[in-house]
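Chains here go by letter, A, B, C, D and E, matching the order in which they are written, and residues are numbered from 1 within each.
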Amino acid sequence: MDLATLIGVVLGSVLLVGAILLGDAPGIFVNPPSVLIVVGGTLATALIRFSIADVVNSFKIAMNAFTVRLNNPQEVIAEIVSLAHVARKNGLIVLEQQPITDKFLKKSIMYCVDGHESEFIEEVLQKEVELTLARHQVGQQVFNGMGASAPAFGMIGTLVGLVQMLSNMSDPAAIGPGMAVALLTTLYGAVLANFLFIPLADKLVLRSQEEERNRQLIIEGVLGILKGLNPRVMEEFLETFLPPKDRKNAMEKR
Amino acid sequence: MDLATLIGVVLGSVLLVGAILLGDAPGIFVNPPSVLIVVGGTLATALIRFSIADVVNSFKIAMNAFTVRLNNPQEVIAEIVSLAHVARKNGLIVLEQQPITDKFLKKSIMYCVDGHESEFIEEVLQKEVELTLARHQVGQQVFNGMGASAPAFGMIGTLVGLVQMLSNMSDPAAIGPGMAVALLTTLYGAVLANFLFIPLADKLVLRSQEEERNRQLIIEGVLGILKGLNPRVMEEFLETFLPPKDRKNAMEKR
Amino acid sequence: MDLATLIGVVLGSVLLVGAILLGDAPGIFVNPPSVLIVVGGTLATALIRFSIADVVNSFKIAMNAFTVRLNNPQEVIAEIVSLAHVARKNGLIVLEQQPITDKFLKKSIMYCVDGHESEFIEEVLQKEVELTLARHQVGQQVFNGMGASAPAFGMIGTLVGLVQMLSNMSDPAAIGPGMAVALLTTLYGAVLANFLFIPLADKLVLRSQEEERNRQLIIEGVLGILKGLNPRVMEEFLETFLPPKDRKNAMEKR
Amino acid sequence: MDLATLIGVVLGSVLLVGAILLGDAPGIFVNPPSVLIVVGGTLATALIRFSIADVVNSFKIAMNAFTVRLNNPQEVIAEIVSLAHVARKNGLIVLEQQPITDKFLKKSIMYCVDGHESEFIEEVLQKEVELTLARHQVGQQVFNGMGASAPAFGMIGTLVGLVQMLSNMSDPAAIGPGMAVALLTTLYGAVLANFLFIPLADKLVLRSQEEERNRQLIIEGVLGILKGLNPRVMEEFLETFLPPKDRKNAMEKR
Amino acid sequence: MDLATLIGVVLGSVLLVGAILLGDAPGIFVNPPSVLIVVGGTLATALIRFSIADVVNSFKIAMNAFTVRLNNPQEVIAEIVSLAHVARKNGLIVLEQQPITDKFLKKSIMYCVDGHESEFIEEVLQKEVELTLARHQVGQQVFNGMGASAPAFGMIGTLVGLVQMLSNMSDPAAIGPGMAVALLTTLYGAVLANFLFIPLADKLVLRSQEEERNRQLIIEGVLGILKGLNPRVMEEFLETFLPPKDRKNAMEKR
C-alpha cells in the first residue's frame, strides 16, 4: 500500500478519535442513523451522477493506486535502453523473446515486432494513453463528486435534525443534546469529504500524472528504437524526463 | 431507465424519508408554501436565464438520457466492420440497402453513398457532432443553473421566514416552530440541488461524452470505409477507442 | 419582450410577494434605507469596477436583448440562399439592389459588391463578430459583477444593523425587530443577485451565442456566394448549423 | 481621475456613512484596533504573497490607471493614418521628425525608421505588449489577493473577539457590545474587499484590455505603414477595431 | 531570506499576538489539543493527498525560494552577452573555460560546446524548463492543499467541541468557555490557511514565473550564440524581456 496514504490515514484518525475520546461524552459521536444519511446519501448521489460501472471502477482504480507499485521511471528507462541495445545488435524481431516487465512497454514492442509503421504505432499508443487517462479521470470525478456530496448531505441531515428539534422545544433540557445530534451529520460530512474523498481524488490525479509520464517515456523510447537511435543518445534524451538528481548521464556531474 | 440513477434516487429517498418519519413531528416537513417558493422560484429563474424552448428541451434531453439505451461501442464497431466487409466486396453503393441500427451511422453512410468527397463528409459530420454537444451543453447548463438557484431560493425563503418570526416575538412558544418552518426552504433547496439537479447535470455530461465517443468512432470508421481500408485493420484501430478488456483483437490476448 | 423572461419575472415576483403578504407583518419587508444600501452600494461598486459608458451600455444591451427579435437562423439561411440564386444568375453587382433584412448580412454583401478579396472580407467580418462578442461580454461582466456585489452589500448592511442592535440591548423587546431589519438587506441582496442580475447575465451569454451563430452562418454563406457555390449545396451545408428537426433538406427525411 | 470610480467611491461612502450616522451609536463603528488587524493583516499577507516591488508597483499602476488619460482609439487611428500619409509621400525616414503623442506608437515608428525588418518589429512589439500585460496582471493579482485576505482577516478578528467574549461571560451586559466589536472586523473586511480591492482589480483588468487594444491597433498600423498600404484602406481596416458607431468610414453610413 | 516575506510574517504576527495579549484572557488562546487537531489533520491530509517525497520536497522548494537569491535578469543578460562576445571572437569551444555563475546557463553552454544541433539543444532545454515548472507546481499544490485542509480541520475541531459542549449543558457557566475553546480550531485553521499556506503557495507561483523567465532568456540567448548573432543585436532583443526602465539600450532613452 502507498506508504504516505497509510501514515496520513492513521495519523489523522488517531488525532480525531483521540480528541473525541478525551472529551466529554464520547458515546454521542457514534450515531448510526446519522452515518446512514451521510454515507447513504453520498453513495446514492454518486449512483445518480455516474453509472454503476463507473462507481465500482473508481473504487478499483483507487485500490490499484494504493496497492500496485508503479515502475519508477529510472527502471523504465533502463529497460528501454537495454531493449535498444538488443534491437541494435540483433534486429527488432528478437525483441519478441525479451522478458519485459512493464505491460505497456511490452505491448508497444509488440507493435514494433509486428512491423507496423512508426506513425501508426505512435497514433495507437497515444490513443491508448488518452483512454487510460480518461478512465482515471472518471475515477477522480467520482471521488470529487462524493467529496462535494458528503458535506451537502451532512448539512441536509443537520437541517432535518434542527427542524425536528425546533418544532418541539417543550423540554429545554433536550435542546442541547438534540442540537448536538443534529450537528453530527455535518461533522461526518466534513470528515468524509476533507479527510477521505477529496485527498483520494487528488492522489489519483498525481498517480495518473506519474503513469502518463512513464507512458510518454515508453512511447518516445519505442519510437527511438524504431528509428535505430544510438542507445546512449536515447538514454540521455529520455533522462531529460527525470529530475536532474535522478539522472545517470547528467550534465551536472561533469 | 438508467439503472444506476433509479437505484440512487430510490436509495436516497428511502434514507431521507426514513430519517424524517422516524423522528419527531414528521408532519412539519410537508409545507406547501415552502415548496412553492423553492420550486417556483427555481423554475422562474430558469425561465429568466434560458428560453422556454431550452428549459423544455433540457427536460426532454434528460428524459432521453434515462430511457433511450445508447448502443454500446462494441456493437457500433461490429456494425461498422460488417459494413466495411460489404463495401469491400460489393462497393459503396450497396451500403444503401444495408439495415443500420445506429441513426448517426446511417446518416454518415448515406453521405458516402451520395458520392460526396471524404473531406466534405468529415466536415459535415464533425459539425453535426459539435451541434449535438452544444445542445446537450444547454441541457447541462439548465440543470446546473437550477442547482445554483434552488439553494438560493431556499435561503431567500428562510430569510423571509426569519424576518417574519423576528418581527413578532411576543409568543416565545412560537419561536421554535417558526424557525423550524423558516429552515424548511433551506432544506428543500439543499435536497433539490444536491440530490437532483447537480447529479443530473453531471450525468448528462457523462452521457454526452459517451455519445461523442460513439460518434467519433463512427466518423473514423466511415472515413476508413471510404478509403477502402482492410476491415480487419480498421477493427483493430477502432478498438483502441475501447478499454483493453472490451477488445476482441487485443494485443494483450496473445 | 422576451417571453420566457417575462413569465419568469412575473412568476417569481408573485411567489415572493405572495409569501410575504400571506405571512405576518408584511409591512416590515419594505425598508427604504435597506434598499438604498443594497441597490446604491451595488451601483456604486459597478461604477468603480467599470466605466460609466460600460454600465450604461450593459443596460442598453440587456434592453436590446429583451425587445429586439433576433432573426431565426432558418430565415437567415433562406435569405442567403435567395441571394446566392440572384448572384448566380445576375452576378455579384446586382446584390446591391436586393432588399436585405439582416443588417450584418447587408454589410457583408456590400463588401462583396465592393469587389474586395475573399480573405479580406472574411478577416474583416470575423473581427466584427469578435468585437460584438467583446461588447456583449462587457455587458455580462457588468451584470455578473452586480450579481456578486448585491449579496456582499446585503451582508454589509446586515453587519451594520447587527452592530447597532448589539451595542444597545437595553430593551429586550427591540432585539427581535432590530435583527429582522438587519436581515432585510441580506434578503434584498440575495433576491437581486439570484433572481435578477445573475440570470440576466446568463441570458445575455445565451443571446450572444445565438447572435454569433447567426453571424457565422452569414460569413460562411457570403464566402460561398463569392466562390460561386451551387445554392442548393450551400443550403444543405448551412443547414448543418441547425438542429436536425429544423432542416429543410435533412438527410433524415429521405 | 477616472470619473466613474470617483462617483462610485463617493456614492458608496455617502450611503454607508449615512446608514451608520443615522443609526444608534455611530461611535462604536470606529475602532482603531479592529482597523489595525484587518488593514495590517491584509498588507502583511500581500507582502508574504508578493515582493515589495510588486506591492508598490501595483499601487502605482492603480494610481496611473485613475489619473493618466488613455488616448482613445479614434485618436490613435487618426495619428497612424496621418503618419501613413506622410510615409507614403516622403518615405519612412521622415517619420522620425513627426511629433507623435502616443509613446508606444513613437517607439514603434522608431523601429521602422531604424530599418529593421517587418517580422523583427512585429515580434519585438508583441513581446513588449505581452510584458506590459504581465505587469498589469501582477497589479490585478495584488488587488485580488488583498480582496481575498481582507475578509479572511475580518473573520480572524471576529473569532479572536468572540473567543475573548465567550471566555468571560460573567457580566451579561457586556455580551452585546463585546459581540458588536467582534463583528466590526468582519464588517471592515467585507467593505474593503467588496467596495475597494475587488472592484479596483476588475477596473485594472478593463483598463489593461483597453491599453492592449490600442497597442494591437498600433502594431497593425505600423506594419501597414511598412508594407506601404494605402492610408484610406488602412483606416478602414483599423476602424474594424472600433464599435460601429465610432467609425468614420463605416459601411453602415452609406 | 526574502525580505517582503519576512516583513509580512513579522508584521502580521505582531498585530495578531498584540490583539490577543491586549484583550481579556490571553491564556485561552493557547490550546495544545486544538493545535494538534488542526496542524496534525492538515499534515495527515497532505500525506494522503501527495507522496512523502512531494511533501518534503515542497518544504525544501519553499525554503529555497526564501533563502536562495535568484539572479536578476539584467545580470543574466549581461552574462549571456559577454559569452556571445567571447564566442564571436574565439569560437564556441572556448566557452567551456568561461566562468558562468548561472547553473542553467552553464548547462546550456555545455550542450553548445558538445556540438549538439540547435534543434536538439532547444528541445532538451525546453523540456528541462517544463520539468522544473512541474516540480514547482507540485510544491504549490501541496501548499494550496494545506491551505484548503487547515480551515476544514478547523471546522471539524469546532464541530467536535460544539457537540461535546451541547451534549452536556448542565453547567451554564461552562457554556461560554466551552464554545470559546471550540472556536479556537476555526481560528487556528483560518490563520494557518490565510496567513501562511495560501500566501506561500502564491509566492511560489511568482518565484516560479521569475525563474521561468530567466530560463527563457537563457534559451533565447544560447540559441542566438549558436546562430552567431551580433552580441549587440542580441542584447537589444533580450532586453525586450525586461520592463523598459531596466533596459540599457532602451529605445525610450534616445
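Assume a contact is a pair of C-beta atoms (placed from the backbone, for glycine too) under 8 Å apart; a residue touches a chain by one contact, two chains touch by 3 or more.
No experiment lies behind these values; they were computed from the predicted model shown.
Among the remaining chains, not one touches chain D and also chain E. For the pair chain B and chain C, there is no chain touching both partners. Copies chain C and chain D of the same chain sequence form an interface built mainly from non-equivalent positions, shared numbers / all numbers used being under half. Distance between chain centres (mean CA atoms), chain B to chain D: 41 Å. In whole angstrom, the spacing between the mean C-alpha positions of chain A and chain B is 26. Touching of two or more other chains is recorded for no residue of chain C. If each chain is drawn as a node and touching chains are joined, the picture is one closed loop, every chain linked to exactly two others.
The part of chain A that touches chain B in the complex is made up of residues 33, 36-37, 40-41, 43-52, 54-55, 103, 107, 110-111, 124, 127-128, 131, 135, 138, 141, 145, 148-149, 152-153, 155-157, 159-164, 166-169.
Looking at the complex, you find that chain E touches chain D at residues 2-5, 7-9, 11-12, 15-16, 19-20, 22-25, 28-29, 173, 175-177, 179-180, 183-184, 186-187, 190-191, 193-196, 198-200, 202-203, 206, 237, 240-243, 251-252, 254.
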